[in-house]
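One chain, subunit A, appears in both complexes that follow, with subunit B as partner in the first and subunit C in the second.
Our next item is the complex of A and B:
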């Protein structure tokens, strides 16, 4: 039987295609990374890329791949634009459901004196740094104004367990108020675990409260960064993690690390420390440029290049662990992978556009001040009140969410319009960080050519794409992380 | 392999047999108002009052018209539905109540002309097929749980299809329906809405998609613009909350794009209810086109594995049909469904020694001589350890061609 339609007649004739919105990035020599509006991507040799653009490409495999990824279409086709629109809508669908994360700084007091800490007060006897029940009540009233159907309340400090009675009161009150709202509530206590006791454990088990802690790696590194009387922060934290895992379950505690100069050569040790505790996620975070940390003695005296080396060493070690059958996820890569391989925006407040300030998170400080982000609160500790949106005692929800204090940085920093972001091939994976750029450049948008935020994230995107391109195991691993 | 038709010897026919479709019943069942053919034997008291009797015994006599069944039809049992020729000399089985899959052919017309079509389209008036389907649905035994509706392209006859689906909803509401369609008609929002408004309790449309872009898909289905309409159809069905299965027939052209197609589905159509990866059935157009479409399953295991992992990790229910376990990468066994229609299913001599034979799909008896070079008995495997999920198999839908056409395809594999 002969085909009625020949294969040739269904291929793309020379020069007959139209380019759909695409951005590109020169990548490792003559390789070009092409991305579309929603983060679908193709690698092409420069020669083919130019041929696609000037209409001379004759490689049907290339043209078919570009059609499948909605980077080109034939005249008159409707489907590619419709599918792109559906995918873009899907990515943005959570925008109207704003503010899922609400951070309560229930006290500034802390018994640790960490080198990189921006905010805590050692004077842990002074209750003037505690949040009052009245402030908590007013904060909760604002929390429940948020449209998001999921509300996560995170207790921050200082060390929130130093004001544990208020934590308990807020959890009970939030659940009581929620009977009228029907939201999905989640609670997390961000604690160094030194004060973990039976009462806290019992409470977290009974009330379904999760615990998040800081673990910087092995004992010497951790204790060098995180100082407390007795120099036993690591021992306390590790014992606390084990207690929670044993009594509440392995998924009830997670840990975050902060990278200091002393961490930079020790990516493997840090990851091993997590693996030894049965923790399956590591978040290889850079130090934030705020607070005490921006000064050299805070451990932040390293540049982006050094951090990227550290990040890649850690990432490769994690990939190898997985290759050997040890499951371990690097959280930052997983967040970006979700944007590379799905239409889901993970809603990570530091890497989303519009920015996560206010829309993704709100911070209720111990004194009733409301901040657009945790970093905004830290800037305030350095006397910069740019991201103070109001005070729970005097401001309405509308004052906070619709004031210029929030709208200006949001509107100015949108990546789809910001200079150098709007044309960047990595834009679908990146985000707007007006707080960082304000803190470092005194401008919500910033000059991206000199932005450490941009340099760091470009470095991470490049590192991830290089592995996607060259290592099929890593590609499948990132795909799987994206789907979690 | 089970025969689905045979010659019968009529006895005591008053004239032409009318009606021509019957449900087989036992001697205890009342004729009521249904056309029931009562299966009787020497050992039982034969109840009077039936319009038609069937028997396997040479010496039985009945108080009415009687058809004596040939040895190959002794599997007939109460609940089966049969068609009879007007002279009573031929019986074909239209519904086998013990079969896991029963399908009804609704038309042989189609607006696609797929290179590997197992049911080559014929452009002739076959509207009687819809009428017969309607009669069969009316006669479905209470034991019926699922029904496949295939073609051809059933949606070419929009009114007849909508009417049949309404009939299914009204007379057999508990029967799970699986409609095979190329999906193009659903690009018409008006038709998609009519379909959705029937509101069948449990219906899914199986729609083939062969490539992640129009060029290759349109070539495989031999219809320009088909990809565009098919994907639009899937989008419309999803927008109307209708259940959709995507079917990918694995053949020489689709193997190289299997992974890209999996990514395309995960990115663009992640809402589908399941993706079925189908082994090629070497019958119909696949035979004359075999040089172009045939590929030994042993030669595409890496591509299949990668596509299945891509889909499954994206939380898309993924199933593999029409594959023998001995050829399938063992990682894929949990996705394999024992799917080949009973009447098309057979085993080779070498299968006798196989330890997983009972959970294997077997081979298509219609697949001619194109068998994988990798077929072999698995003797080392514990059946318990790696058995494909039997609940998956039980919940599966029915691939392959309809039982109704069985008579034309009974030649066994050599």
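Our next item is the complex of A and C:
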């Protein structure tokens, strides 16, 4: 038997609805973007929005869409609140399983002298800047205290391949220790690939270790940023990427770029450099305000507005590539798209609330110091130890995770209570970044109206929503990125 | 609401019967990238003085910006007040089965 609903049963009479928690943002022209607690969203003309709020809206299509997106409900309904609660719990489900990413700074030594380097790289000969096996052992004991069932161990530097024996030891020891824990382990070496050789390749293949590298774009741009003896960083990196792709498979290596002033007019060139190598993801990242990057000639001499122009030029080029059948993903947009179109939260440490420091990642420095994030370690290189949580030789897991050094910035920076964030329509997609705001404003929360973090992310959210609204191909593309 | 340009800042007034101080302060916070706002009470008015961060800024534009921001903040406050019980209910439901909100049972 087919049940048919009468028109009367689906019609909502004026004033017969309750608003569910919602936030709004003024968009282009008279358009309003409405979002609910979990990021479901609707665009409305301002007039309709005001009519919805004051109870006079008579447009049944609008009311039906608002009900479907859990922005309004009828009196007596319970399901919308229950569904919103389930979706909210789904988004926050990572919280009890904290700290999935553990970064080991196995050495500060590096044979590159990148202009934007954020750590105090040391010359290749200074082995006193290597992590000891004892420090690595104690770090691993802390790693396995993390509740997360998935543990990713990332080896950083300096150049981690300059202390490759320790990398091999940590991988073997982690696997041995994991026999008692049964967690899913993943390993990544973040390397410039200049030292990639048969031994490293064979090890990565055998032990299922992934490689992540830096690729700033075409040769002149990359080599201008990333200097080394012989001025052949790009050639070494590209050769390394191809060797890994050929011997281990195309998905075993990924690359990250950093935007310097020299990059700003070259978004297309950068993306083409990735496409030419068969890399299907590019992360259009701004420079971080730490370390050498903010010094003279560090490459960070541009403002947020200029970076947003670069970002949008790159994003539009990537959309066009996809339109022409060339698959390419912009990683930051994909992270946000997942929050826009699903109830999942990818857990990207810069875009979570509570902040990702400590809860999303921990950093074990070569000297045993433990930091709440990589940026926290970079600040320490600038003599600011605010985010140093302890030392593996002297601190317990409880000291590190329950100390005021971590809890204070976490508690203070929650976006659901921070000024401007709590009423921002983009809050479901955004995050707290107490390290950035401490570094730039000497405050864990920061004055959002003047925050470069806020300006940059608002710019990105607006850019993505504008394309969602105006370009059906881009909307479908972002939706597909969200499902990956 | 009225606006008047002085030597040091631009004066804008709001009626205390129609504008809430909290909305006014939130608006002042939100526009802090382009101006700072001094808020005083005078009779049945809030007397605001706008000080641009850029001395070349268009004073009329600043007045429009703070007025429209106050209207938006007032609307946000109204929506928040209407939806607060449901918001609390949704958060209570969301955390009710996680174990995070459970209290430890004292040992007997």
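FYI, the second predicted complex is superposed on the first by the 474 of 484 C-alpha atoms of A that agree within 3 Å, B and C clash if a C-alpha of one lies under 4 Å from a C-alpha of the other, contacts with A are read in each partner's own complex, and residues count from 1 in each chain.
Please note the rule applied: contacts are C-beta pairs under 8 Å (C-beta built on N, C-alpha and C of every residue); 3 or more make two chains touch, one makes a residue touch a chain.
Values in this document were obtained by computation on a predicted structure and should not be read as measured data.
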{"item": "Partner chain in contact with A:483 - subunit B first, subunit C second, else both or neither", "value": "first"}
{"item": "Touched partner set for A:402, first subunit B, second subunit C, both or neither", "value": "neither"}
{"item": "Which of subunit B and subunit C A:89 touches, first, second, both or neither", "value": "second"}
{"item": "First (subunit B), second (subunit C), both or neither touched by A:65", "value": "first"}
{"item": "Partner chain(s) touched by A:449 [first = subunit B, second = subunit C, both, neither]", "value": "second"}
{"item": "Touching partner for A:326 - first (subunit B), second (subunit C), both, neither", "value": "neither"}
{"item": "Shared contact residues on subunit A - subunit B and subunit C", "value": "82, 86"}
{"item": "Residue ranges of subunit A touching subunit B (in the complex, touch as defined)", "value": "1, 3-7, 9-12, 40, 60, 63-65, 67-68, 74, 77-79, 82-83, 86-87, 341-343, 476, 479-480, 483"}
{"item": "Subunit C residues touching subunit A - in the complex, by the definition given at the top", "value": "26, 29-33, 72-73, 75-76, 78-80, 82-83, 86-87, 89-100"}
{"item": "Residues of subunit B that touch subunit A when the two form their complex", "value": "113, 115, 211-216, 218-219, 222-224, 227-228, 231-232, 235, 257, 260, 264, 266-268, 270, 285, 288-289, 306, 309-310, 313-315"}
{"item": "Complex interface listing, subunit A residues touching subunit C", "value": "18-24, 26, 37, 53, 81-82, 84-86, 88-89, 92, 95-96, 419-420, 423, 447-450"}
